[in-house]
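Pasting the structures here.
Look at the two complexes coming up: chain A is in both, with chain B in one and chain C in the other.
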Partner chain A sequence: MNSFHFDWGGVLTGSPAAWLVAGLVNTILITVTGTFVASLLAIVLLLGRTSSAHYARYLAQAIVMGFRNTPLLVQLFFWYFAVYPALPEWFRDWVIADHWFSPLPFGFRCISPEFVCACLGLSWFTGAFLAEELRAGLKAVPLAQSEAALTQGFSHWKTFRYILLPQAMRNAWQPIVGQYLNLMKLSSLASSIGFAEIIYSTREIESFNAHAIEAYAVGTLLYLILGLLMGQLFVSFGPGQIKRNNVVARVALSGFLHRLRFLS
Partner chain B sequence: MSFSHANIAVEFRHLSKSYGDFSALKNIDLKIAAGEVVVVCGPSGSGKSTLIRTINRLESYDQGDILVSGQSTRSLRGRDLQQLRTGIGFVFQQFNLYAHLTARDNITIALVQVLGLSKRVAEERADVLLEKVGLPDKGDHFPSQLSGGQQQRVAIARTLAMEPSIILFDEPTSALDPEMIGEVLNVIRQLAHTGITMVVVTHEMGFARELADRIVFMDQGEVLEVASPEQFFSQAQHPRAQRFLQQILPSHSSATS
Partner chain C sequence: MIFDLSVITDNWSYLLFGRTVDGEIGGLLLTLLMSLSAGMLALIFGILAAVISWRFQGWTRRVLYSGAEFIRSIPLILVIFWLYFLLPRFLGRNISGVTTVILSIAWFSAASVMHATLSGIEALSFGQVEAGLASGMSYWQVLRHILLPQAVPNLIPSYIGLFVALIKDTSLALVVNVPELTTVANQVNSRTQIYPAEIFLFIGVIYFVICTVLSELPRLLVKRTHQHLKFANSI
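Right, the complex of A and B next:
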């Protein structure tokens, strides 16, 4: 046993390397799409949760409770085995048809029943959590802020859109980033419905040449890099950061230009 | 002021509001002429703020009506109510600047989103107004980077940008440190008698004496006296107004707030 040697070549060359690249591309794809759809769902759920119509409120609350309190794995099975077959045939035909954007390198496809279900599962699950983070952020915005907007003639929607939501996002930004990072990491569960993301590829490698440890090590490293990049991106382009970063960037740039001029 | 011939900007007709058994406003009848500066004063809890907040319906009421420029506002809803509010400026005791926006964006956002002006025109107007309130170099500052007096001046600029015909001031200097009251009053002073109708709830009696066309004295939800400043400060008629003045004037403190 103590004669174990790492064989990185079995993971980083040939088909295994191709699978890993495709897995990485799919993970990025599902993360980007999921982030976008989850954010839209979160806004809709938040509007429902804070609506004055109590049917909307109860419905949104029920949806949030359902998705927050059941395992994501079960939800993925629910979308894949229960919902997807019940979707209209034209939609399922469209999903499996060839599109100009569907082929990925190495024979993978970017849109597939598995992708659609993974996207639905991750988006609703994350959307429910995001809605609650935003609601907490919204509660921390003083009532006087919306009063000020109403006295200026803002409609309720514009008050929400331009005054309350930006402040709620700013208040809850750290936990929101946490939820987006969770979405990225939880996309690994979508391998269980056959979505070919990173973990799916590592399993392929394991059954192909039994390089399980190396494959999972590389897979984990890819998640780590993705996570660090995402976290950095979300924090530096987050609400309330942009303006000040611009100032910092401008100061840094002018200092740099000054030094250039000095050197030449 | 030859009152009966002037245009009436705001008219309260038998306005009443109550919370259960407690009457917040009792049968208010009051006319405010266009361009007039009216100061509303009275002890704490007398209904002053509630009264001015009913004008743009931040506060609802049970009975009566408020006419703005001759139009009943009682049954306004949705878009019509937004339009009414757009024409009426409101300056809050706590400034209530939008915390996530710079001073300039605080001014421009309603110009763009409510009035539909272009970003460029809005920013030009914002810069003119920041200059007017004495803060030409603070456009890029966030509210948290400004002093109370500066925040209130930005808030007044934000209100002026909408070019309202009426501005309501709800104790605009009560949350300020003493040394900042003057700078805000100076800005308000510039606006008086420029054609904008101003209704000011304040404890600054010096300001009231200097600028008000009329003083409205309220207590326990009732308007007890309406008089010119000279008359009000030298010979108030109502006993409760006399008592209020005795408490507030000798020391000139605002401790009664």
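Right, the complex of A and C next:
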């Protein structure tokens, strides 16, 4: 067994350090964007899957199955090599043009063809999984809830938006957070289409000064910290379990206000 | 976009078998072989870890749990890189990329198998363990004859789900240049340049068929068991 000789200076100073910082920024950027787009896509797919129109249901189901049952890496290659060149030219020109928001520190850019493809790949893949989690959460909402909402004069959309979706999200919050964390971890695959996130930076350091072990150690640590922070963030800002006292207090308060209005 | 399937008909044997005739297994065949061996390893070690952490609660369990947590909270790509660099150093000899990837994926999936199995065992009522122990069985016998026979059939759907995820994970072998399906497709794409849609759709369909058939299996099995039960009840 060879003995290890660690040289952290080769990773934490100079351009390797700059690459790592840029990688971290890019990972955070793709995670935030991907989370947002994936959530939107998941809601659209969920609406499709629960729609009363046959074709919408089948289409949404086919999309969900297609994205769930193929590897993300293949999807990323498909977006990058097949879809992106077929996009309209003005869009591709816009992506590679200089914008006020595009420069990042250390000469990196925040929007690039790789970023767009990584975002598309991660969002569709995670969106399909999220739609399934939400559907499972929706199944647990009693039918009486939507019946009650409809009899109260809620439209279908408002019933979905204000009654069903919040409860579905609360029911499925744990697996949803799992999917968001997965998106963050899977963003590492975007390095294979040349997106400069953490893994890409570590490989760059490896070929720059052969400090592979140190670079991977730093990368691992960054992913662990990111995962912990994200988990904490989602759990503390997510919908918790309903606090019974809270609901009782709110109902009591609204009843009290109601009576006041009648008295005055 | 021109859709020209000639790139598939020209390269299908390379995509499916790689250079298998030259002695280097590759393509879809390698994907399947890697999935099966990693799946077997993950199943064996996952159940073993679950059994150990069920029997020895306390430090043993905590160590196993944190190992599983650690491996699940970093990207699989990093696990592959770590083993790729560390295994040869620790073993003092070269390890093939295929072995590295199989071991990484097996380790990664074993953590999920352990979690699933443990929750399957603990979902059974503890009274069964007490009854077994009171009848003079050892812990091992309770596990072997009472708990596992009940837990494992319930766990088969989640094992299959994990296996489907594992098959998709084998595509990551690309990062250490193991010639499985995704890697050879990428090679064909770099060589031909102008048919990316055809190539990646084709291998996407291959993965899709395998994963869909597998993930629909539990539903079919459950349906058949229900039919058997209905039949048994009607007698």
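Just so we're on the same page, the second predicted complex is superposed on the first by the 236 of 264 C-alpha atoms of A that agree within 3 Å, B and C clash if a C-alpha of one lies under 4 Å from a C-alpha of the other, contacts with A are read in each partner's own complex, and residues count from 1 in each chain.
Throughout what follows, a contact is a pair of C-beta atoms (placed from the backbone, for glycine too) under 8 Å apart; a residue touches a chain by one contact, two chains touch by 3 or more.
Predicted model, so just to flag it, every value in this text is computed and none were measured.
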item	value
Combined model on chain A where chain B meets chain C, clash or fit	fit
Which superposed partner A:223 touches (first chain B, second chain C, both, neither)	second
Touched partner set for A:239, first chain B, second chain C, both or neither	first
First (chain B), second (chain C), both or neither touched by A:82	second
Partner chain in contact with A:150 - chain B first, chain C second, else both or neither	first
First, second, both or neither for A:170, with chain B first and chain C second	first
First, second, both or neither for A:158, with chain B first and chain C second	first
Winner by number of chain A residues touched, once chain B and chain C are compared	C
Closest Cα approach, chain C to chain B, once both complexes are overlaid on chain A (Å)	26
Touch list for chain C against partner chain A, complex	1, 70, 73-78, 81-82, 85-86, 89-90, 92, 164, 168-172, 174-175, 182, 185-186, 189, 196-197, 200-201, 203-204, 207-208, 211-212, 215
Complex contacts: residues of chain B adjacent to chain A	56, 58, 79, 82-83, 85-90, 92, 94, 96-100, 102, 109-110, 113-114, 140, 158, 162
Residues of chain A that touch chain B when the two form their complex	142, 144-145, 147-155, 158, 162-163, 166-167, 170, 239-240, 243
For the chain A and chain C complex, residues of the former touching the latter	1-2, 4, 65-66, 68-75, 77-78, 81-83, 86, 181, 185-186, 188-189, 191-192, 199, 202, 212-213, 216, 219-220, 223-224, 227-228
